[in-house]
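Just so it is clear, A, B, C and D label the chains in written order, and each chain counts residues from 1 on its own.
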Amino acid sequence: MTRRFSGMWPALVTPFGADGKPALDVVEKLVDLFAKQGLDGLYVTGSTGQWPLLTVEERQGIVERCVKASAGRIPIMAHIGAVATDDAVTLAKHAAKVGADAVSTVAPIYYPHSADVVFEHYRRIGAASELPLFVYHIELAQKLSVGAKEYTERILSLPNIAGMKITSGDLYLFGLIHSFAGDRLQLFSGADEVMCQAVLSGSIGAIGTFYNVFGPACRRAREAMVAGQVEKARTFMLAFQQVIAKVIASGSIWSFFRAAMRVKYSLDIGMPRAPLGTLDKPWDDAEIAKLIATVDEVL
Amino acid sequence: MTRRFSGMWPALVTPFGADGKPALDVVEKLVDLFAKQGLDGLYVTGSTGQWPLLTVEERQGIVERCVKASAGRIPIMAHIGAVATDDAVTLAKHAAKVGADAVSTVAPIYYPHSADVVFEHYRRIGAASELPLFVYHIELAQKLSVGAKEYTERILSLPNIAGMKITSGDLYLFGLIHSFAGDRLQLFSGADEVMCQAVLSGSIGAIGTFYNVFGPACRRAREAMVAGQVEKARTFMLAFQQVIAKVIASGSIWSFFRAAMRVKYSLDIGMPRAPLGTLDKPWDDAEIAKLIATVDEVL
Amino acid sequence: MTRRFSGMWPALVTPFGADGKPALDVVEKLVDLFAKQGLDGLYVTGSTGQWPLLTVEERQGIVERCVKASAGRIPIMAHIGAVATDDAVTLAKHAAKVGADAVSTVAPIYYPHSADVVFEHYRRIGAASELPLFVYHIELAQKLSVGAKEYTERILSLPNIAGMKITSGDLYLFGLIHSFAGDRLQLFSGADEVMCQAVLSGSIGAIGTFYNVFGPACRRAREAMVAGQVEKARTFMLAFQQVIAKVIASGSIWSFFRAAMRVKYSLDIGMPRAPLGTLDKPWDDAEIAKLIATVDEVL
Amino acid sequence: MTRRFSGMWPALVTPFGADGKPALDVVEKLVDLFAKQGLDGLYVTGSTGQWPLLTVEERQGIVERCVKASAGRIPIMAHIGAVATDDAVTLAKHAAKVGADAVSTVAPIYYPHSADVVFEHYRRIGAASELPLFVYHIELAQKLSVGAKEYTERILSLPNIAGMKITSGDLYLFGLIHSFAGDRLQLFSGADEVMCQAVLSGSIGAIGTFYNVFGPACRRAREAMVAGQVEKARTFMLAFQQVIAKVIASGSIWSFFRAAMRVKYSLDIGMPRAPLGTLDKPWDDAEIAKLIATVDEVL
């Protein structure tokens, strides 16, 4: 593997049009925005991108448009995880064909599986293309009932493995995986709320939902942390955590992102597919502006 | 609501052909088999039927074939739950149109939701057709953080609500829901392993995977229980639990059902879509025959 | 082992006097009451008896008084579990010396332990006396990460092992343990709310808190169940579960037992040691009488 | 409150003599050692100190000896949490009388309690003396089912409240509590394995078991972190996490501490009370020396 992935990556929201279909023109504008902001990459059709509510064809359309809109300016990692292994394989091949830079997958969902079946699922996905593979981790080691070392070794044995997106606040496990894998795994923090803390456990970057709105500020904060400006990083994280907590406590998370993207970037990302956001209340523009300023003006 | 649902209902396995597609001719044979066995109903395209790995069209095709094959001999309850509310609504309308007898739905999966969003999802599904609605319960009351009484009342307020499929070993909660709802909810036990125990908590019937293989024996055991033959029911449940435990401990659950349906009924249901059953080992015919006999010959 | 244990056993409340000390005279009256009621045994200084808030000496005093008051009329099982293994051993030896009929122990509390350490703790306790040992089970097999069979075999290998008190609503695991152990383990159900359901999983009796108030009614219900009067057992369990749910939902559990023992039996058991019952509200006598009647008059 | 608490605090191990009693002469040597090492305080008779296996009198003896041995050189925080509220109150009064600098308490153990009861328990303990109170947090907010803000406000309303010992890897909740409380709560990190990460969430210091062995190295690492030497802190934490993982995975944690204190400081702390350490295997001196060097030589 020669290509390196790192830095600040929004987990791209999937914008929807009035017709309930993915709004590919807005996808294009989002990619352009994040490329111009100098962010380090885009994570496409992940959980934030509502993959479980999209058809295989819709997902392919979005990835293709992202790659085209980027035109090499910002790397595209396509989340190609699916309930059925074959769908994930199809999506991985497509991502490679259209020029995505990497693929990523969640663990199989809904049914419980043994560790062996989970890794066989990953193996087939990794082998489906030559793109670097980033396995998504959500409290998986515990579910699998194996230790951090064995878990890391199994991850490392996957074809085309390049790294992980560790969506967990458990920075002890994060650090153990990093120590076992060293440079062989590029570890992204998927828990926005401890993004700077994860640097101390070996994270090379961060992938997350809130970077759609706060990408540049979070990028500066992460760089301050890496550069040793601990007091700056601390002040930022405390403010950032407060905003995350307010958004989550509101119960209107999806409408927050819609309002914030409109207020800050004049982009309409629409509302997600039901049941997501079904009962979300609208946000007040002034409150949105205040939350945005809270984060953007810390550093 | 006039129609009553009760008794022993297999959660129908979805058979697959060599081409990886649902084998509708085998679906027909299964419906015919269970109708001739005198079972009380069929639960179609549920988790056993692999709904998350089927397209909307495939699910519609299976439900339609079941209704046709039954020709009124055995009632068909179509599980129409889906990740997207709109898909569930589409499936509910279709089920009504083709003549299914009832619809059932799991709670929304993958994303965490508030209780309000879960019930809005249910409400839209219930309102989509005039078919009786059976909500699927999996440890939901806990997740929703409401008491059993409030939970039951919210269930009762849903349009066209007729009952629940309670897939939980918690027979305390089961009994509380029954006491609160009385005749207003027809409660099916979805935990095969405590099927007779659930009678004491107010179950009116049982829906489950193992009834594909053991339907008639389980029906006799349940009737023995209802008739007060407690020692018979006890002896049966202990033997049945042992077989369930052996199948689950094998890690080769899907190939067990494939082998058992072949050995017992000469029907080939194929293997499920990956990752389900990916690493299943084949079963020995003699062992299968022994397990079948263990259950069938108790009573 | 020759002595058999079975039937309906109250987990004796520990009465306290105005001086905050165990009221041994009331202990004596309770034992006399339950013996005269024809109940099958008493489980002493368990969780209901507040063992973690009693000194070793207080526990010894209570057990001794129970044995004396019983005078052979009703068997006494002393819960001798403790945080420190040595305290449990001391209590087991004392129970044997003063003439208790059996000992019982919870798993070690507070610190996490490996399965091996848990069983070494049990082993020392079992070896401390020649009394039959009943190990207390609370979701232990899961914590220990071993299967039901291996777990049962390890239980069976303990010195003087006679049975278990399974305080879990999981009647699948209950049945598996019974199938593996057969007559070698006498299994008591410790989950009052599924007491009759547990008969189908091989329970030989029930030990629980609510039998302090409802012992005779529960004994009749359990016997009805064993005798095949399923409808009676069902009706009783549904009513009993409702009363349990009301008491638990009140948040004033300890004052319920105090009021119920006073209203029904004219016995003052006092209030428990803080923090237990600290904020309990008093119960209305009429409400208590109604709840008591609800259960007592079902059968 | 004028006194400030911060920095690196070992959660003192309780040494035992050959007679199975707390070895007060070794307690004295430990206090002297840590005072001379320039550590910032001592947390006495906590979980590491085996409080649930000690009598009230033994706990008082240890606290008294610590205060005497310190002679003002290093502050003493006495963990006075107990199963019974009255025992905790007695211990708090004693701690004040003998000159401890602060008291700390775990939440009530063994029985489940409502949030109101938990806070009433804390309130009585806080009011028992005029010493600053540090409440111990173990995933408590979740159990209490209240939000971080309400939880923090309730903590702040306790008499003599000065701070918390947050033993959780959840640095999001840690940061939220800090943001809500500001200077009103001095927050110690109780999760050794993310000790430096916690600085970014507002920790003012760290209390933990491993600082018995690695106090000075951990103090240097934490100071490096605060001073902005992020790369140093990262390198240290990764090595420290590896050692913690090795010790925990060994299953012989208590014998590790015994061997390490002997090899490094020539102090014999004996073995804990059973069941703690019951089946611990001895450590190899060379391996112990290597693990110690691994941590001590990072910075």
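Here, a residue touches a chain if its C-beta (ideal position, glycine included) is under 8 Å from a C-beta of that chain, and two chains touch if they have at least 3 such contacts.
Everything numeric in this text was worked out from a predicted model, so none of it was measured.
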Chain located farthest away, centre of chain A as origin (C-alpha): C
Chain centre separation (chain B, chain C; CA means) in Å: 37
Cα-centroid distance, chain B relative to chain D, in whole angstrom: 51
Set of chain B residues in contact with two or more other chains: none
Interchain pairs in contact, sorted by label: A-B, A-D, B-C, C-D
Chain B residues within the chain C interface of the complex: 147-148, 169-172, 175-176, 178-179, 191, 193-194, 196-202, 225-231, 233-234, 237-239, 241-242, 244-245, 249
Partner chain A, residues of chain B touching it in the complex: 20, 47, 52-53, 83-86, 108-111, 113-114, 116-118, 120-121, 124, 251, 273-276, 278-279
